[in-house]
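Before anything else, here is the set of structures, which you'll find just below.
In the two complexes below, chain A is the common chain; its partner is chain B in one and chain C in the other.
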Partner chain A sequence: MNNPSTTSWEDVRRRMDAVHAALEHDVTITPETKKAILKERALALAKERPKEQLAEAHLEIVEFVLASERYGIESSFIREIYPLRDLTPLPGTPPFVLGIINLRGEIISVIDIKKFFDLPEKGITDLNKVIVLRNAEMEFGVLADAVPGARWIAREAIQPPPATFTGLREEYLYGITVERIAILDAVKLLSDPKLIIQEETAITKGSQ
Partner chain B sequence: MKFMLNLSTRVKLALAFGVMLAMLLAVAVTAYNGVAKIRESQKRLFEQEFQNALDFAHLLNNENNGRASVLTLLLATNRSDQDYWLKDIHANSRETAEILTNLKDRNQANAALTIELQELETAKEANRETRETQVIPAIKEGNTQRAQELLAGIQQERYVKLRDILERLEKDARKNAFNMVTVSETISRDVVRTFVTFSLVAAVLGIFIVLLLNSSIATPLREVSDVAANIAQGDLSINVAADERRDEVGVLRQNFARMSQSLRATANLAQQISAGDLRVTITPQSEKDVLGNAFAKMVENLRSTTNEITQGVNVLATAASQISTSTAQVAAGAAETATAVTETTTTVEEVKQTAQVSSQKAKFVSESAQRTTQVAQAGKKSVEVSLEGMHRIQSQMQSIAESIVKLSEQSQSIGEIVAVVNDLAEQSNLLAVNAAIEAAKAGEHGKGFGVVAQEIKSLAEQSKQATAQIRGILNDIQKATSTAVMTTEQGSKAVEAGTKLAAEAGDSIRVLADSITEAAQAATQIAASSQQQLVGMDQVAMAMENIKQASHQNVAGIKQTEAAAHNLQELGQRLKRLVDQYKI
Partner chain C sequence: MPENDEDFLKRLLVTFRIEAEEHVSALSSGLLELEKASPEAREAIIETVFRRAHSLKGAARSVNMTPVESACQKMEGVFAGLKRKEIDLSPELLDELHKNLDTLRELLLPTDTKSAIETKPPVEEKPESIASIAAEEPASKAVAGSATTSVREETVRVSTARLDSLVRQAEELVSAKLAANQHAEALRGIHSIFARWKKEWAKVHPELRPLERASNQNANGSLATKKLLEFLEWNEAHLQLLHETFSALEKPFERDRRALALMVDGLLDDLKKTAMLPFSSLLILLRKLVRDLSREQGKEIELVVSGDELEMDRRILQELKDPLIHLVRNSIDHGIQKPEERQKLNKPPRGTISITVLQRDSKVEIQVADDGAGIDIARVRSAAVKCGVISRLDADKLSDAEAVMLIFRSGVSTSPMLTDISGRGLGLAIVREKVEQLGGTVWLEHRVNAGTTFHMLLPLTLSTFRGVILQAADRLFVLPTNHIERVVRVRKEEIKTVENRETLSLNGQTIPLVALADALGLAKRTSQTEETITALVIASAGQRIAFHVDEVRREQEVVLKSLGKQLVRVRNISGATILDGGSVVPVLNVTDLMKSAAQASPAARTVTPEPRKKSARTILVADDSITSRSLLKNILETNGYRVESAVDGIDAFTKLRSGDFGLVVSDVEMPRMDGFDLTKKIRAEKKLAEIPVVLVTALESREDRERGIDVGANAYIVKSSFDQSNLLEVVQRLI
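Presenting the complex of A and B:
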């Protein structure tokens, strides 16, 4: 009993020393590793490049996730993406209006389109993002569970929405990509009278 | 004479003493009369005749003195001497006159003497006359011549005449006195004769009475006393002959005869009894017959005693036979005792050896107990040391647990940092997306910026992946630390249990040490006891030896007892024979 314990203690000490040494040395990444990483990235970027340049009629979209479904919106309508912070709920508004946020001094209302699409609720966290849409007439934020990033999509790769999509979904949908990303029609969203009316009704209380 | 014998002894004695007393009285009276006569004659002799002779002598003397005084006066020269001598002469003259008067008074009965005295007085008076009237005055006047004449003449004549008369008278008186002494002697001789005569008569009478009394009282009494002496010596053969006297001596003789008779009868009875015949019947003479009563009682007692002795002899015979049986049994018992004693002696020897062995064992146990005590002490110390080590281990365990908890907390802070990094990556990602949007807005000019945004996005992705990995590692670390804390806790508990066990072991060792100490003491005591046991066994062995000797002596004694029992049996038979001689 005595002998194995001592040996194991020696082993432990040796391992600890190794860890300590590794920590001392690995804080700064060796130049070779750094170089390898950078090279890899460079290669990755170099692959994407020709596609973009080749496809003139490409559409750049921002991909986002709503309840494990992937959606996209044309990036030309997106002012910016902002992490959901300091959401202030507004009383007396319809359920799809989550509330308002302060975006560098501007007050912007945030809506939850999951309510329109009858998608299951996931709860709101700091990880949620707000995609701020804007055109000449309208500006409001759409809640997204996650935003993987922006991507280029060829226009011919976009297919019309299937017949199974009805109602509101069908109304706002622009098309579906091969990667099964549902691209929303930002123009329709921005000019949706429901949203406006509701906004108006929300503002002019008692007209409805 | 017979009458005389029949008088009682008291009367006899009274008569004898009366006669003797009468004789004594006669003698005394005679003596008294004689003595009275003698005293009379002596008195007369002394008072008259001797006195007369003395007075005449005195007168003569006085006359001489007077003449001498007158002559001295004549010679005296001085007045004082003359006075002295005158006084002397007068005193002398007075004395003379006095004596003369006395003489006259005394001898009035004697006529012849009275005449003589008258004559003397006349002559004396004449002398005095002359002296007083002539001589003394002459002297006083100093006429010594005249005085001398007178004195040598008339006075001288007168003096001579006076002296002659006086001398004659004195001679007569002396003669009378001598006559009186002779008369008195004659009287006394008569008295002595009478006295002697009476005494002789009394003596003869006394002897007669003594002889009479001797023959009538003493002789018969001596006879009786001789018989009594014989009886006193046990001789009852002499008989006292009874006579017909009725005085005390006669009665004594009769009673004596009766007594000797009765004694003879008793002696006969005693002879019978001595011959062993106890069937005799004894009738006491009276209630006060001590001897008879005693004999009766004695015979009775002898009878009962003989009876009892017979019974006793029977008992004795039985007892003797029983004793001989018992001695036989005791002899058998003594033999058994001897065997038992021998066995016991062997056993004692064995026990002694056992005690020796046990003593050695006890000593060995004591020594080993002492060694064990030392070992227990060492064990106690080891336990204490191990307890200390356990406590140290406990505290170290505590510090290990704390270190692990600290580690866990630090990994938590790492997690926080990782979360911050993740957030940063997220933000970077957003920034990259925004940058891409902006680049798209910029059109052809923003293409390079889009590449940068893409690059930033990729970095953010990688950061996120790294943080996810770190998070996984942190989870593993958390699990490991949890396991370590649990293990440490278990170890601590194990150490606690070990401490408790060690404490118990210490207690056990202490108890063990105590019991070993007790065992050592007990072993020492056992050793001492075994030693004592050895000594005791030696004593027992000695005692057994003594018992052996005693049993030997017992056997000898039993043999003696057997002999004694045999003797007793013989004695019983002898006694039986002896008792059988008595006829009850």
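Presenting the complex of A and C:
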């Protein structure tokens, strides 16, 4: 953020004055203007939450950051976001399976989508959030560095990935927003048989 | 663990209901049309309703809804008669058909899944007329097993899902109980901290007196000393008070802890009992199996059962189904000889298979005995050597009792002939794996020409077991106590390397020593400076291996939990448990571990199977009933195959031409193109000719079977004798 050594005191003073002026002005506000302001705010709030009527034209996604890249997942597939505390690794699982966690008495597996997508390891990760994805058939956690929050995105604004996009394979990608958030295809991810770990036993392999 | 059978059946039942509704409404509109239609138009309608009744019958059979199945059968029979113009379509007949349809609707009303599936009336008690089913009080079906006894307790129908959830929650309380125990121990530790303080204080206390006196006598004494002395006095009183308060708190805590422990145990016990079913719920299946197989093989066999009223955890019973089928099959196929042969041996021509269920403390022992040929140990030895499980030298060293245990190893079969029932040497290995997964053990007794008895010792309930918490490669693991023969501490110099393999000598017996970290594929701890090592000796199927671990922490009660939906099966790990602190610890799978140990060791002699081509494992399932389709798909998928499905022969053929499949499983009766024609077309197409085809069908007649073979099917499974392991064995053999 701001480097303390370059703080401009003049700037600070100017801002303080502005705040002061604003406060004095606010005190003398008439009930009518107050009402108008509140109404304006209410309208603005109403506009930003296009939930019901715009649900078809919009997609609610939860944005998350992984190795300084921004991803999004449709929020209806997210059961919850859980702070990562203890992760128990399991021997004999592929590298993308990071381990299992205790989610209030229930065991949930956690995966690293970067490893699953074979993306190059770059940047420093600070994995401390688990996004638990689920549908009727499948449930697992995806590890993330940070989860800035949920947002509505107009479906129109979601574009197919450009040819030059070097991120994950297209098949797992729902699209890319103007802010270059890569929206993952949750349906595809949740139903991907490649994600399911089902080790054969020596018995089912059999020998004749 | 794969998807819970119960859950799957439930989902299947939901699918079935949707399908059934469709069929019933089509039947109903068909009947109405039939009434109005001109005689010429009738033929087409009859054909449609006949098909609908038939499909519904097949679907009902897949979900074991016998009453629905038989109701459909009756309707189907009437329609068939109409089709062949053997009966006339009278108004009375139409009325009767409508009435039957109403009965069907009633039967299809959502009841809870458990009673629909598990307490279906025995096949023998097929109601004579459809009407009599309707008269039957639906509630009577809810009384599991004991419904026939004269005293009827009041019952409430509860869905198994809700029951399972209750059991799960109660099991969760065990963690709270264990945590309370730990806290109690910590509190007791505080007492000794106080005791130590008292002792130290008593030592210093006399020294204070002179100081006090000096400070009192000398009015100009240092104020600081005075203050310090005052504080010490206050400090002592304060600590005393703290100790008293603590002791006063400890008592009620201890009381609450005891109460909690008692209540949790009681609650769990009662809930487990609620979730129990009598062993007899498995018998219908076995009786049918014995009847069908003995007839097929020209043997006379009687099934004698005792102790089947004993109740067991429903989940254990579910898991026991496969092992029991394998054991009974094994007895019929290898044990009991044909009547002529038996007579030569002065035995009654009729063979006996007896299943005995005995309660042994908190466990249950199930014996499956036959009065057949017994086991040829020499053959077991050579079979084991042949498939590479053991070297000839080692095999000869084994005692007879040890050698006979080899039949529980994968691939060891003494049967010279590979029949469709058994002979691939997998059955008994599966029995052992299942039983061990349930926390039980299996062994056998036999006498040549007098018979074989298999014993399975199992827990009555699942949920909790005793486990040892141990550390390897700086990680914690839990190992079920019942598999641990002993824990040993061995000095380094006692470890000898034999044939490039570390071994231990225990009571004169040489046991391979494997680092648990190696077996699990983990990096071993670097510093190994200790003079002695700790090892756990694990025994399974007559095989003993000592596992070297860093440390054995303690033994405690453990609740096994599944690893979640994504991790269906992980090698060496059967699940996980949550320790008091909330940390998650993997629970080791002993059966896997023994195999991994053999592979981790350089001198491993286990056969390593060839890696298969991926595409060879994709299976195409063709069936017009969505219920049967999902049933087949699920069975195959849970066993690691990739499955695609097709809704009829034409769809299947199109998919086959564009895709790359290793096997086709197809229904016979399908619209547009049936299974016979599909097989014919596959065999005629150059590119597809080699693909194995398994026909699964409701047609039982010999002609149909022959026709299946004629068109080039590789296997023919009749739906009425269908069971999961049967299909899997066939698929395994063909793919």
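Assume the second predicted complex is superposed on the first by the 124 of 208 C-alpha atoms of A that agree within 3 Å, B and C clash if a C-alpha of one lies under 4 Å from a C-alpha of the other, contacts with A are read in each partner's own complex, and residues count from 1 in each chain.
Here is the rule we go by: a contact is a pair of C-beta atoms (placed from the backbone, for glycine too) under 8 Å apart; a residue touches a chain by one contact, two chains touch by 3 or more.
Since the structure is predicted, the reported quantities are computational estimates derived from the model, not experimental observations.
Contacts of A:Arg41 after superposition: chain B is touched, whereas chain C is not reached. Of the two partner chains, neither chain B nor chain C is touched by A:Val19. In the superposition on chain A, A:Ile111 contacts chain C only, with no contact to chain B. Within the superposed three-chain model, A:Val97 lies in touch with chain C and out of touch with chain B [touch as defined at top]. When the shared chain is aligned, chain B comes close enough to touch A:Glu60, but chain C does not. Between chain B and chain C, C contacts the larger number of chain A residues. By the touch criterion defined above, A:Val178 reaches neither chain B nor chain C.
Contacts of A:Glu139 after superposition: chain C is touched, whereas chain B is not reached. Contact residues on chain C toward chain A in their complex (touch as defined above): 2, 172, 175, 387-388, 410-411, 424, 426, 429-430, 433, 475, 520-522, 561-573, 575-576, 578, 582-586, 591-592, 595, 606-607, 609, 639-640, 642, 732-733.
Interface of chain A with chain B (complex): residues 41, 44-45, 48-49, 52, 60, 62, 75-76, 78, 80-83, 126-127, 129, 147, 149-150. Chain B makes touch with chain A in their complex at residues 423, 426-427, 429-430, 432-434, 436-437, 440-441, 447, 451, 454-455, 457-458. Interface residues of chain A, counted against chain C in their complex, comprise 86, 88-93, 97, 100-102, 105-109, 111, 137-140, 193, 195-208.
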